[in-house]
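Below, each structure is written out as structure tokens.
Both complexes shown next keep subunit A, but they swap its partner, so subunit B is in the first and subunit C is in the second.
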Partner chain A sequence: MNKSLFKKITGNQMFIPLVALLLLAVINLIVDPGFFKVSMNTNNAGNPVLSGYLITILDYGSELAILAMGMTLVTAASGGQDISVGATIAIAGSAMLRVLCGTNPRPEAIQAPIIVAFLVACLVGMLCGAFNGALVSIFKIQPMIATLVLFTAGRSIAAWINVNKLPIVPDPKFAYFGGFIPGIPVPTTVFIVLVCIIVVALVLKFTNLGLYTQAVGINEKSARLNGINPTFIKFLSFVILGLCVAVAALIKVSRLSTINYSVIAKDIEMDAILAVALGGNALSGGKFNMWASVLGAYVIQFLTTTLYKFNVQSDALAAYKAVVVILLVFFSAPKVREYLSAFARRFSSKSKQRESKGEA
Partner chain B sequence: MDSKKLKGGIFNKISDTNLLLVITIVIFLLMYIGAIVFQGSGFKKPQMFFNILNANAALIITAIGMSVVMISGGIDISVGGVVALVSMCCAVYLDKANGNVWVSMLIAIGIGLAFGLVQGTLVAYFDIQPFIVSLAGMFFARGMTTIVNTKPFNVQNPAFVKLKETRIKIPGMGSYNKKGMYISAYIEIGVVVALALVVILFLVLRYTKLGRSFYAVGGNKQSALMLGINVRRTKFLSHVICSLMAGIGGYVYFLNVGSGAASHASGMEMNAIASSIIGGTMLTGGVGNIVGTLFGVLSLSTIQNIVASAGLGEAWWTGITIAGMLCLFLLIQSIVIRQKKRALKT
Partner chain C sequence: MKKVVAILMASLMAFGLVACSKSDSTTTTTAAAGGNDATTTTAAENKDTEGTTAGGGESSGLIKVGIINNDPNESGYRTANDADLQAMFTKENGYDASFSYSLKNDEQIQFAKTFIQNEVDYLLLSAADVAGWDSVLKDAQEAGVKVILFDRTINADPSLYEASIVSDMAKEGQTAVDWLASQNLPEYNIIHIQGMMGSAAQQGRSGALDTKVAAEASWNIVTQQTAEWNAEKAQQIVQSVIDSGAKFNVIYAENDDMAKGAVAALDAAGISHGVGKDVIVMGFDCNKWALEELLKQNWNYDGQCNPFQASYIDAIIKDLEAGKAPAEKTIIMEEKGFDAATIKQEDVDKYGI
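Here is the complex of A and B:
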């Protein structure tokens, strides 16, 4: 009875990210109890805002959470990951700035409404997604290799869109998306993530997208025999990821009101894939749990913030994360789990033998 | 896959490996001749070709290692990181610890082997996806490079500098400069190492049992298993070879640039994969040729040189052309596979 409950808890997909989150929280609590303090400060613009490490995590984890949602779908449907998300964020962001600023990198006022720029970015993001999706679904190229094309070209294309200039958006309203709206102390990004989560939840609830994606991911041939078009589902998952990329690009560009082609969203693909893996989703496709991935994204941001707090250089951060990834995939690999459970069984049977001997 | 038995269609007369190799070599020759005809002067000099070799010796070595891993059905994207780590470690050892040049070579090989052993074990014996393992390997190597030393610096160790500046002159291929002085063509030591490794790996893949089992495992794991090939060991060895090549390539890279920096060889893994693909290595495994990879590297750098000398000096054109070329070859591969499948069905 106890054992089945234990298994139920450890078997839940939310288990790994939650344990990781608890572990990180406890470590931080021991090292610095002030980590969880949230205080009300006034920011540069004179508005009251919440600040503290927790708020930082919620704020800066939002791009990752949004990307993790799209990445989960792509992973589930195609059994591979999109490694071009960082580069496509640069493209979408660059397109957004091109629309907002026109050809002049230092305009007096924005040249087009923000919503138009955002819609253009969405279109560009979806086009990039469609390109990747077409290579994967129609030409049957492995996802990671197909997305290698945009990964290589993305930042160059982004620089080309703005002729390598770095436009600065003059409108302070544009900075609201990645910062704070005056009068509201909670970061705007939190609301953006909430909206995305609600939309995705509604889509998953009222359409067959989730079911079809899992079916294609588990067995493409039988999905086809059941009347699902695997080519379309895979294509669609990449287009949806493209949309997520556009939203993430809006936040990223809005944070600085400008762009740095070679640095923006650097290495974010690694974090997004890590989020999906941490959420307990099989990287080889099939069943998925969207919310575990989102939780995974915040856990990674938690880890990043913690490492920064310990004065780890941003370039060295990758080495620590790599160790986490290896440990994570190592212990979630079916092979290792088999070994472990076999070992546990032998151990328990031995102790049982000992018990029975003691009774005799 | 032996397709010679299939009837009909010019595609089926030659095997996948040879077809893709022929496409690659033809495209390379067309490109180089085109460059000579349309852009003249620079490309006419033999030294231009040797410069391409000099600058890309490290890429050739890492790319042929990558081909081995790709032929056996895996992938390794940690090579760029390993190259950076090797050059940083060797630089620190030679400059700060005033070390011996020969020991630094051992360090390079050691780092390569260490990465290969760990990644190979995880991939082959624990069934973890090679992409994820090597992604982590890449980030680990890059992170470690920064941890070893943050700032880039040049190595002044006299023995190393002497080795670095060794030029091997090639008789009869020189040219006259504007003042009429004769400058003989030269290659660096790295090129000799690279070409020697190309020959060795080519022979290994072609004529040894191990080499054939790479193709067998990449082509069809199940049949390879039934043929009595140790699939796990083969996969393991392919990763060890790849990382070892990355280690040696790292040293050759270091020999070429003579400095250590965390940003060294950024994107090299992508260039290595791209060269392998352009050289006719199939991503699905089982098809590929080391000589093709050599031509893949040459095509890649020729197109970079063409782009640079065509006045499209802006950095972004290089990225875009490489990606465009990669995309083109991916599509060719995809179409070739589809034709084959169709031919098999009928």
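Here is the complex of A and C:
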């Protein structure tokens, strides 16, 4: 009875990210309980805002959480990862700026409504996704190789869209998406993530997307025999990721009302992949748990914020993330798992023996 | 079979990309350069190939120069630098210029070899890395190609190049630190946001501050972090300091982008910044938008990093053509620091990049 409950808990996909989150929380609690303090302040625009480390984590983890959702689908369907998300954020963001600012990098007012710019960015993001998806699903190129094209060329394409200029959006309303809406003290990004989560949850509940994706990921041939079109499902997963990229681009561009093509969302693809892995999803595709990936994304941001708090050099952050990767790889390796489960079995059988002896 | 087809298709696509970027180069040279990691475009060959002798070039023909630069997308500084060179080395000014761009040293060396084979008269070089240039510069010397370094120095024997036109990063840092000291604050609690570690700009700008902080008791570093020229990272670093509740009154960011990121974090936390406010904001590079922030008194200081080397290079080439060697091997460009209290609109227009 006890054992099955234990197994249920450890077997759950949310187990690893939750443990990681708890571990980080406990470490912070021991070192400095002030970590969890959230206070109400006023920003320079005169509006009330919440601030504190926890708010920072929720705020800055948003882009990653949104990307992690799309990346989970791509991983599950194609058994590979999209490494071009950072570069496509630059492309979508650049397209957004082009629509908002026109050809003048320093306009007096925005040239088009924000919603139009966002829709154009969505279209551009989905086109990039479609390009990747076509290479992967139709031409059967390995995802990492196929997305290498945009990974390499993306930032240059982004610069080309705005003819190498770095426009600045003049409208303060545009900054709401990556900041605060006047009167609402919670960062807007939190609401954006919530909307994304609700939309994805509804799609997974009311369509066969989740089921079909898993079927394709587990066995493409048998999925085809059952009437699923694997080419389309893979293609679709990349297009959906493209949409996630556009939303992330909106947040990124809005944070500073401008972007720098060569550094915006740098290395975010690796964090997104790490979030999927932290969520306990097999990077070789198949079954997936979207929410574990989202949790994984926040764990990564929690780790980043914690390290910043401890004044760890920011160029060393990658090394700490590498430690997480090593631990993950280690504990998910079949050999280690076998050994651990054998160890657990021996341990439980011993205790059983002891129990029976006691009864006798 | 399928695999073969896939490979064929992929290579076809790749060729398609290359073809596109080449055919576009007449109208958008920079775009073509950006499309691939590294490309060589000959600006002159795309313009009307029939005689443009009216341009005022020498009767013997144009001076052939090969220019090797870093990718213009790298930063606003580089974009301004490239635009300045493109504007100077035109047929009208008597030059037949070829541009090539790469952020990688080995690719730049390949470009240099190609230029030497093409028998250019001058090789202008902004090297990605300080090392590895000796042998190719010796080749250049033997082939009679004169080399002029701009923007960045290299570790090679000075006899291998005619002149080097550079910014003195240490001096830029010193000017900024001297300005900060002149503010006479009772205490300096500084958030120091560094550029890409190891780059010349980072070393020069950090060095001056580090020395001052070590020497003065009232100067403290609250946090010293590299944001790798990245505004988002700078925003997170400053956010972290704000969350920790530590007190600070100076932000010393080693470029404008990072200063902007830092200011975004200050704004969100309701901390006032600028002239006569709680926090002094300092940036570098003199982007136009940054100087406008100074004009609005939201920032306090911006240090110049002069990207306009073309006129200096032009003067040296003219001298060399006339048979005069440049007076000095290393030419350090004049660079200013702007104070928000004294900056004027003319400065923004003149020095903004």
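One rule holds for everything that comes next: the second predicted complex is superposed on the first by the 342 of 360 C-alpha atoms of A that agree within 3 Å, B and C clash if a C-alpha of one lies under 4 Å from a C-alpha of the other, contacts with A are read in each partner's own complex, and residues count from 1 in each chain.
As a working rule, contacts are C-beta pairs under 8 Å (C-beta built on N, C-alpha and C of every residue); 3 or more make two chains touch, one makes a residue touch a chain.
Just so you know, these numbers come straight off a predicted model, no measurement behind them.
Engineer: Is the arrangement of subunit B and subunit C around the shared subunit A a clash or a fit after superposition?
Structural biologist: Superposition result for subunit B and subunit C: clash.
Engineer: Go through the superposed model and pick first if A:S51 touches only subunit B, second if only subunit C, both, or neither.
Structural biologist: second
Engineer: Where does A:A153 make contact in the superposed view: on subunit B (first), on subunit C (second), on both, or on neither?
Structural biologist: Touch status of A:A153: both partners.
Engineer: Regarding the shared-chain residue A:I326, is it in contact with subunit B (first), subunit C (second), both, or neither?
Structural biologist: First partner only.
Engineer: Tell me which partner A:A318 touches in the superposition: subunit B (first), subunit C (second), both or neither.
Structural biologist: first
Engineer: If we overlay the two complexes on their shared chain A, which of subunit B and subunit C does A:F139 touch? Say first, second, both or neither.
Structural biologist: both
Engineer: Pick one for A:R224: touches subunit B only (first), subunit C only (second), both, or neither.
Structural biologist: After superposing on A, A:R224 lies clear of both subunit B and subunit C.
Engineer: Who does A:T305 touch here: subunit B (first), subunit C (second), both, or neither?
Structural biologist: Touch partner of A:T305: subunit C, not subunit B.
Engineer: Thinking of the overlay built on chain A, is A:L166 touched by subunit B (first), by subunit C (second), by both, or by neither?
Structural biologist: After superposition on chain A, A:L166 lies in contact with subunit C alone.
Engineer: Return first, second, both or neither, reflecting whether A:D267 touches subunit B, subunit C, both chains, or no partner chain.
Structural biologist: The first partner, subunit B, only.
Engineer: Applying the stated clash rule to the superposed structures, which of 56-64, 74-82, 110-118 or 290-298 from subunit C runs into subunit B?
Structural biologist: Looking at 56-64, 74-82, 110-118 or 290-298, the stretch of subunit C that collides with subunit B is 110-118.
Engineer: Shared contact residues on subunit A for subunit B and subunit C?
Structural biologist: 135, 139-141, 152-153, 155-157, 159-160, 164, 313, 315
Engineer: So in the complex, which bits of subunit B are touching subunit A?
Structural biologist: Subunit B residues touching subunit A: 75, 122, 125-129, 131-133, 135-140, 142-144, 146-147, 150, 262, 267, 270, 273-274, 277, 283-284, 314-320, 322-324, 326-327, 330-331, 333-334, 337.
Engineer: What residues of subunit A sit close enough to touch subunit B in their complex?
Structural biologist: So the residues of subunit A touching subunit B come out as 80-81, 135, 139-142, 144-146, 148-153, 155-157, 159-160, 164, 267, 270, 273, 277, 283-284, 313, 315-323, 325-326, 329-330, 333-336.
Engineer: Give every residue of subunit C touching subunit A within the complex, in rising order.
Structural biologist: Touch list, subunit C to subunit A: 2-3, 6, 9-10, 17, 28, 30-31, 34-37, 71-76, 79, 197, 223, 225-233, 235-237, 239-240, 242-245, 257, 260-261, 264, 266-272, 288-289.
Engineer: Using the touch rule from the top, collect the residues of subunit A that touch subunit C in their complex.
Structural biologist: My answer: residues 34, 41-45, 49, 51-53, 56, 60, 106, 135, 139-141, 152-153, 155-157, 159-160, 163-166, 168, 179-180, 252, 255-256, 258, 260-266, 304-305, 308-309, 311, 313-315.
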